[in-house]
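For reference, the structure discussed in these notes is given below.
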Amino acid sequence: MYSSPSTTARLLITCLDQPGIVYHVTEFLFQYGANITMLDQYTTDPIHGTFFMRLEFETVHLTLSSAQLSSCFATQVAKPFNLQWQINFASTHKKMAIFVSRHDHALMELLWRWSRKELAMDIPCIVSNHPDLAHFAKSFSVPFYHIENYPAIKTTAEQQMLALLTEQEVDGIILARYMQILSPEFIQYFEHNIINIHHSFLPAFVGADPYRQAHHKGVKLIGATAHYVTSELDMGPIIEQDVIRVSHRLGPKQLQVLGMDIERQVLARAVKWYLQDRIIVYENKTIVFDAH
Amino acid sequence: MYSSPSTTARLLITCLDQPGIVYHVTEFLFQYGANITMLDQYTTDPIHGTFFMRLEFETVHLTLSSAQLSSCFATQVAKPFNLQWQINFASTHKKMAIFVSRHDHALMELLWRWSRKELAMDIPCIVSNHPDLAHFAKSFSVPFYHIENYPAIKTTAEQQMLALLTEQEVDGIILARYMQILSPEFIQYFEHNIINIHHSFLPAFVGADPYRQAHHKGVKLIGATAHYVTSELDMGPIIEQDVIRVSHRLGPKQLQVLGMDIERQVLARAVKWYLQDRIIVYENKTIVFDAH
Amino acid sequence: MYSSPSTTARLLITCLDQPGIVYHVTEFLFQYGANITMLDQYTTDPIHGTFFMRLEFETVHLTLSSAQLSSCFATQVAKPFNLQWQINFASTHKKMAIFVSRHDHALMELLWRWSRKELAMDIPCIVSNHPDLAHFAKSFSVPFYHIENYPAIKTTAEQQMLALLTEQEVDGIILARYMQILSPEFIQYFEHNIINIHHSFLPAFVGADPYRQAHHKGVKLIGATAHYVTSELDMGPIIEQDVIRVSHRLGPKQLQVLGMDIERQVLARAVKWYLQDRIIVYENKTIVFDAH
Amino acid sequence: MYSSPSTTARLLITCLDQPGIVYHVTEFLFQYGANITMLDQYTTDPIHGTFFMRLEFETVHLTLSSAQLSSCFATQVAKPFNLQWQINFASTHKKMAIFVSRHDHALMELLWRWSRKELAMDIPCIVSNHPDLAHFAKSFSVPFYHIENYPAIKTTAEQQMLALLTEQEVDGIILARYMQILSPEFIQYFEHNIINIHHSFLPAFVGADPYRQAHHKGVKLIGATAHYVTSELDMGPIIEQDVIRVSHRLGPKQLQVLGMDIERQVLARAVKWYLQDRIIVYENKTIVFDAH
């Protein structure tokens, strides 16, 4: 049901552009029996630019173990070419925590897709600063943790959350309309691994109540933006955005109802691409390979 | 070819909401032989809200002249109900000046649609601060005026332009990528009758070089916004917006090329709706009736 | 939460176009204290065309009961002008049965929106030819009826379903991916009150397995269509359609997964408009008033 | 102004999937100083599927001439791996004939983009079965040939056209709303090099007057399709499609006016991708690499 079978692996590379990279990388994979099934590559500039590549390959005929492959790649290719890189195996699911507050729509969308095996992740926990959505988590058999969080107790709350996430070896966090701001210290533990859904077309309408802002401004399209969380509010690298047409007839409340449809779709796509290792962050922007 | 025949008239109304407005207005039209062919109405709030209505009616069987109809409406309906209103007859084309600088795409789109009778307007003049597009104007047989304009001579330039527009009894101005800022004094002469196309999804990327701003930010959609010009730069009431999907592969120059397609479409729609009397401005926003 | 408050009523009218209809209808409503909050009107042709109108009005200050209003309207307006018409009061929810088979996505979307009060309907029953989704219905506390249905037993099955629907005084049926064809006799009981979601952009790809057909054809967009069911398969009046961009990379299975997102949105919109009395059928097409 | 500089070349490959293809191809290019700037690859199935690849590379540091590179590639790579392939150099523009009848919108769009250097092609001739658009061609300084064509004289007309195209060494033909059907014999001379714009979302509304068909059916979106011409009418491989939302208010004539906007955009994109060697035909479908 997942879009790539569990015998697939993905290699992500960032480096200075230089002749022969594709050749050397593909030679390495060919030598050890990795059959490339998808390759996408991008260079900011052919002369002294930055080079990005994403490869998918079949692991069935590998002549090395997964660990050996990674270790050989490090020595034989990554080091000589000074690559930033990662290899991930589709058989190992990422462990994702979901943070929510009271709105259920983003959580519902994620859990429903996950239960249908559209999203290849494990969900060790749902964390919320409110108890409201506990039943929701329960109906999908996912552990729910109610950890109160407001400015006065943020430090304690974040320590509690961090302890939980560490214990469960969480790889990343999805903020499915979590209405508390996380501290730079907390964010730093999961750099470029926290995905937020903001309910506007960023950079328009940063901050609180963007639907009211959009209504006040009289825009003819409203949108949603999935982005990585950084220490600057709503300013992290954008992963995905979409919009829907609206008319003067709709008040802020109705914009919110329509907008939730876009939020759900945009967040689900961003999470899917994250899980499929399609995203590289570069200069506070994202390279998203071969999406859809 | 125009979407409404020349025997049509349009009535636009703004007033405080109160019971019976639709009834009294339609009674008036019925009495004098005006057959309503389209009616669209909107209220911000049924209790003490603001009421907006646009009516199209056939004038073939009118028992009064156009002038008499307007005058009777003023006395019999508009005054008792304290309406802001206008009646426009499709047979009288609006006179529109087009202002351009060096980019030809928006001008080309307008002239081509105008020559096919998609846009029901007269174009007494094209005004530019550069001579570059004179041949373009000429190939459509529209008078072209090169009036230099830069900050140091703005006052003089605007006086010259104003003299020209006054002489030609211009109703409105289309800024088809005119790269000079007009003074509040000039704008005031044509309040809510100057349409600008801004090459971003406003309110994101106000000001200069929005494609570069969009590229720097890494947005996944770029857009264009047609709006009425007010004294605050890029902040006037939005008439129409649209977007197109872009990827990390595209540099600022390529965003600009793609964006021009959206600019052309968005400006053409806004102008069409303006010419068809579909737009009412209210609280720095627009009501756009029955668009498309 | 619903877009129109429970003190609202809607009047739908179809008739031959003739001068004065709007005036006479609005005069009637004004006389009896109904304050019009929305009016949308459409004529196929101002001369001898067909006239359609949808009105929303506030019922708070009505000087008649609901029943009296309807009865007076019949005598004083509908009869003299030979109108087809209906008045519905928002306080009376429509009773909708949902039919499903094994796919859960359309059902999930409807139940979730219904539970959030986005869809103003009662759901007396979910009917399925398979037992699979019983738990789903249960988690939303909606009665679930497993009624087997395949060609050989269709007559019996439909009698059973009809008995159930009659007993529960069902107004309409939503086919949320119900994979059996209903007989013309059954359909006739609910003419223009059965909404189906077809998983293609009709009229392309009528019939079975449209995603496979779309993949085979190599289309660059896939779509979904909500339509009223008529006796001719997939040929009833179209209520709503939408599409999503796809690439050559996607196989039929992946088209199906992407397409489900469109199916959910399109069906939800069609049902919402049906419940808000926005749809009139005319010549196997639909007039959809003021959607969004 | 063109999206790829003139020092770029493109390599297109189709073959049976087999391990090591990417490696061998990129090794070849590395050896001879070709720096890969873009690589996109697709396999229908990793096991015994068909493999497609598009590569862009910089030719500045090539150690062979263009002709030598092609000839070496044929011997050293293409033959051993049994590849179908082509190498095209961006410095050599394709020669494209444009065929039109009376509608000017598609032609206008192409000529305008071409004059701005958005479309990297030479246009040796515009051919039309009507004289109407001669002035249009003249204003862009492109030779215009009026060659009458109707069923009774088709054979002669096509011979005349073929003579012209051969003399001018035309690579491909763009049917910018050419309203005559070309014979299979004629088409065969330019297999997969004739691009047509059809004014509907194919496969819906094949044949004549699709806007009337769309209006009759009551669809909520209308579209346009750019496709390669084959001997079966409107059934060739689809290159690009798009749609626009329409309402019940619009008659066939208005659908046509709106639809032209989509036709222009869709045809322009298809032509751009053709000129950039982004399209491979396979099983009556297209692989379109890295579009946008």
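Some notes on this structure:
Letters A, B, C and D mark the chains in the order given here, with residues in each chain numbered from 1 onward.
The criterion applied here is as follows: a residue touches a chain if its C-beta (ideal position, glycine included) is under 8 Å from a C-beta of that chain, and two chains touch if they have at least 3 such contacts.
Remember, it's a predicted structure, so these values are computed and weren't measured experimentally.
Ranked by distance of CA centroids from chain D, the top chain is C. For chain pairs A-C and A-D, the one joined by more C-beta pairs in contact is A-D.
Per the C-alpha superposition, chain A sits rotated 180 degrees relative to chain B, a value rounded to a multiple of 5. Once the centre of each chain is set as its mean CA position, chain A and chain B turn out to be 42 Å apart. Chain A and chain D have CA centres that are 37 Å apart. Residue positions of chain C touching 2 or more other chains, listed in rising order: 42, 247, 249. Listed in rising order, the residues of chain B touching chain A in the complex are 42, 201-205, 217-221, 223, 237-243, 247-249, 284-288. Note for the complex: chain B touches chain C at residues 19-20, 22-23, 26-27, 29-30, 33, 35-43, 46, 58, 61.
Within the complex formed with chain A, the residues of chain C that make contact are 3, 104-105, 108, 112, 116, 118, 139, 245-247, 249-250, 254, 257-258, 261, 265, 290, 292.
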